[in-house]
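The two complexes that follow have subunit A in common; it is paired with subunit B in the first and with subunit C in the second.
Then we have the complex of A and B:
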């Protein structure tokens, strides 16, 4: 094998960067699951909406990139809130199966609307991260992956701070842990649901716009990203926030290593092989307590 | 026959069967007849999926993979090995069921929606294998030249002839599952769906039964796949992915989970609704998505469930009216 330690390091950094994107997706699945007890298959479409809105803000409206990033996150977050209010809340006491299919209905609708707005053509996002490779000794690093890594880690830290340091974040965790008790303590649990849906959607959107300059932007881009984020959440232990982060990073790393060491043909299969492996060996995931405790 | 039909009303079934025999004379448009054939194939799969989800409460989000495994098995067996369709058909079902067993055995031992998660993984992996293992599956182009079956020297190469084959197989599958549903086994399935722990206490071997129902439903998916391959004349990875798996789930949910007529109504209404929506051109998917959400919000037990409840309510009203008159007199 013609792979040396420096190449391996490059592959590792690229893998961890993609892993952080999966972690953002997995966090989206986790947060909404903790609040509403549903698996949201429209999460991948939030990722797509982040990229398409980001493109509109950055290119058409010529916002600076950081502003475009935040604007896309906020707009998609609001969309998430609207979805919670109009679909998830009326369906609150329905069986999980109906809820899952409802999220798929949302996914179909969003994808179809996006197709009407942005068209079916794959669009390229301008290279905001710069395309000059950075050389550190013998290691050549692509700036795009470093930026993705940096910004997504920043968002993950911000989210942790939100959940542990702010009243609102604590209220969300309380309502996820015991809804009735939280309600009796005066927490507006319905607002917490909306907020959870908004944060999930916003995180997905941030992931989407972050990778947009690396890949093409198209309305179908969310499908695979969503499923991989889901696989990452299962790997970490469904419902666990540290688990989602760990699961995402491990998945991204495994995928990149397998692609460069074994074969890139089955790159996309890695996530799902890991998914099934986890279910066979440790069904509760790495850090989950009662991961699969959701009932049909 | 009486045992076979059990609670299904016999004369109704006979009437439907006779009606179906004449369908090719009524539906003379070849395109619609082809659509009807596709619907019949999907009904075979949906009946199995309804048994799994509607009766036993287990969710598979990867049934299109088993459908695809059936289709590819049949294509490879008949073309590469020259095996007759009539042997390839059951073998396709058995191959799909075998993969189903391998997936179901470890995941169904556990409580919770593990099968749902694992089946997503299997669906994606199957799709990737179909696309990338070019020497075996033909890659993205798939396998062309899957022949129409012969029946006693008559080639079932037209949609009309194939229609009769499909009607017969669909009826057989319907009877098979009806029989399961009405048996002790079917009651055990429903017990698992309602309350797993209680079912276990009643002495039901829930893990074994869950695997059994999953194997039956993947077998039917494999059979449906084989029939699809010989109807279309080719197989390709397109149409066996995540979206198709979801499509099947939508059909059984819209039709009515846990109703015998559910999968039939769901498949036919959604197949033809999507045709109808084509008139809306680029808006068709938007309308489809909104319709889907509306069905779930307003008819949570599906179309069959909705009418079932409606009929019960009407009957109740009639009975109470009758009762009143009786007491007045």
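Then we have the complex of A and C:
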């Protein structure tokens, strides 16, 4: 079995596109970790809720796709904010372990509720990206992956601009770096916690609705996406924003290359081989800070 | 200007402040001196709202600010330079200063204040794009003071501004403190470097295991026999 340069290019673009979705998930893990010092195992379910709400908005309510995407992001963002306010904040002064267990509880609750609303059947999302392949010279590209790539890159850029150019974004970073000093500046750090939770949930939701037209939509779909986003965040260095983006892209690329060069059976194994490998060999990830920055 | 009346604070079951009372008049430098763990930092945190007050009250210009949500004290024109500087290490010098003006609605005033700080601390201007965490200890202290002054506070709480600084820089920091007072800001200074603090203080309080054990003018305290033995290492 040979692989030529054009196939490789397609595989690369598909891989980077999926990688950007993992990057959105990893950013979700990172932002909430930086603000609240917790690993949110309900992040995958925000992905699922993005897809299910997206389906409802796009199909049942006939929203145009861009509007359905934004609406899903906002609704799930509000859910993220409510979770912070009702679960994370009251548990703030408890050990980290309690918080992480709470996120697992939230995950189970959300899945059960989603099951009641959307049922257990896998649903298909209409092909919004079109299915006419785009030919660039000898390369044939699927429009779906190009759209996913384009839109997710746009969200990553917007997020970067938010964190580096706006006073609110800077205040959020300041709160993550030193909570007490942020209070002394007059920053409402409690609101920053809510905002971090909302942004994380919203990013997960955007990832979910973006891939919904490519895959099926079902209430269990968040589990794998969440684990892959987690693996991407670990690979990049937990807590690092550039790391989350790099980790996501590398993971997506590695997966797609392994699937096409070895066998697609191993696609999902790649993420976990990488996860285990990073934890064994370079536990701080590619761009992470030194170990022991787990501030209590 | 500030009236602290009989406040009590605890960390868990350990009572760290056991009825602290003192007063600061407008335009004064008031020093709070005492050994490590006496409750100096806790007192400042109680004023800025970072530490819950179990009993007692804190009045600022006649208004009760006891247990005010911490992010609201700066809007009352009380700013704190925390112990160990605590600049935002991964933000630029300029962004640190900008956040000092987070509570100020008029952003032109923030810009003016930043320019003023850059004139006062030219080294910060040279390094305005640099991450604050890469500055030297002295520069970080200047940044922490500059950042607190952006909001143009009427009362500045300074927690151990000389900590970890070379002697020459300590002198510089104390010059700056006097300069800030001359420009009309009232100062509450917490220091382990009691000698320097007492030299510039109008009034001083000695705090010991959560209680004020002595008060007087800076001069009186400096000349007090027991203080000399306990805190001035003579």
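In this section, the second predicted complex is superposed on the first by the 290 of 296 C-alpha atoms of A that agree within 3 Å, B and C clash if a C-alpha of one lies under 4 Å from a C-alpha of the other, contacts with A are read in each partner's own complex, and residues count from 1 in each chain.
One rule holds for everything that comes next: contacts are C-beta pairs under 8 Å (C-beta built on N, C-alpha and C of every residue); 3 or more make two chains touch, one makes a residue touch a chain.
From a predicted model like this one, the values you see are computed outputs, not experimental measurements.
When the two structures are aligned on the shared chain, A:276 is found in touch with subunit B, with no touch to subunit C. Within the superposed three-chain model, A:231 lies in touch with subunit B and out of touch with subunit C [touch as defined at top]. By the document's definition of touching, neither partner reaches A:286: not subunit B, not subunit C.
When the two structures are aligned on the shared chain, A:266 is found in touch with subunit B, with no touch to subunit C. Look at A:178: by the touch rule set out above, it reaches subunit C but stays clear of subunit B. Of the two partner chains placed by the overlay, neither subunit B nor subunit C lies in contact with A:8. More residues of subunit A lie in contact with B than with the other chain of the pair subunit B and subunit C. Listed in rising order, the residues of subunit C touching subunit A in the complex are 48-50, 70-75, 79-80, 82, 86-91, 95, 98-100, 102-103, 147-148, 151. Contact residues of subunit A toward subunit C in the complex are 167, 170-171, 173-174, 177-178, 180-189. Put simply, subunit B touches subunit A in their complex at residues 53, 57-59, 106-107, 110-114, 116-118, 120-122, 124-125, 128-129, 132, 193, 242-243, 246, 249-250, 253, 257, 282-286, 288-290, 292-293, 296-297, 300. Here subunit A touches subunit B in the complex through residues 41, 87, 90-91, 94, 96-98, 100-102, 104-113, 115-116, 223, 227, 230-231, 234, 265-266, 268-269, 271-273, 275-276, 279-280, 283, 292-296, going by the rule given at the top.
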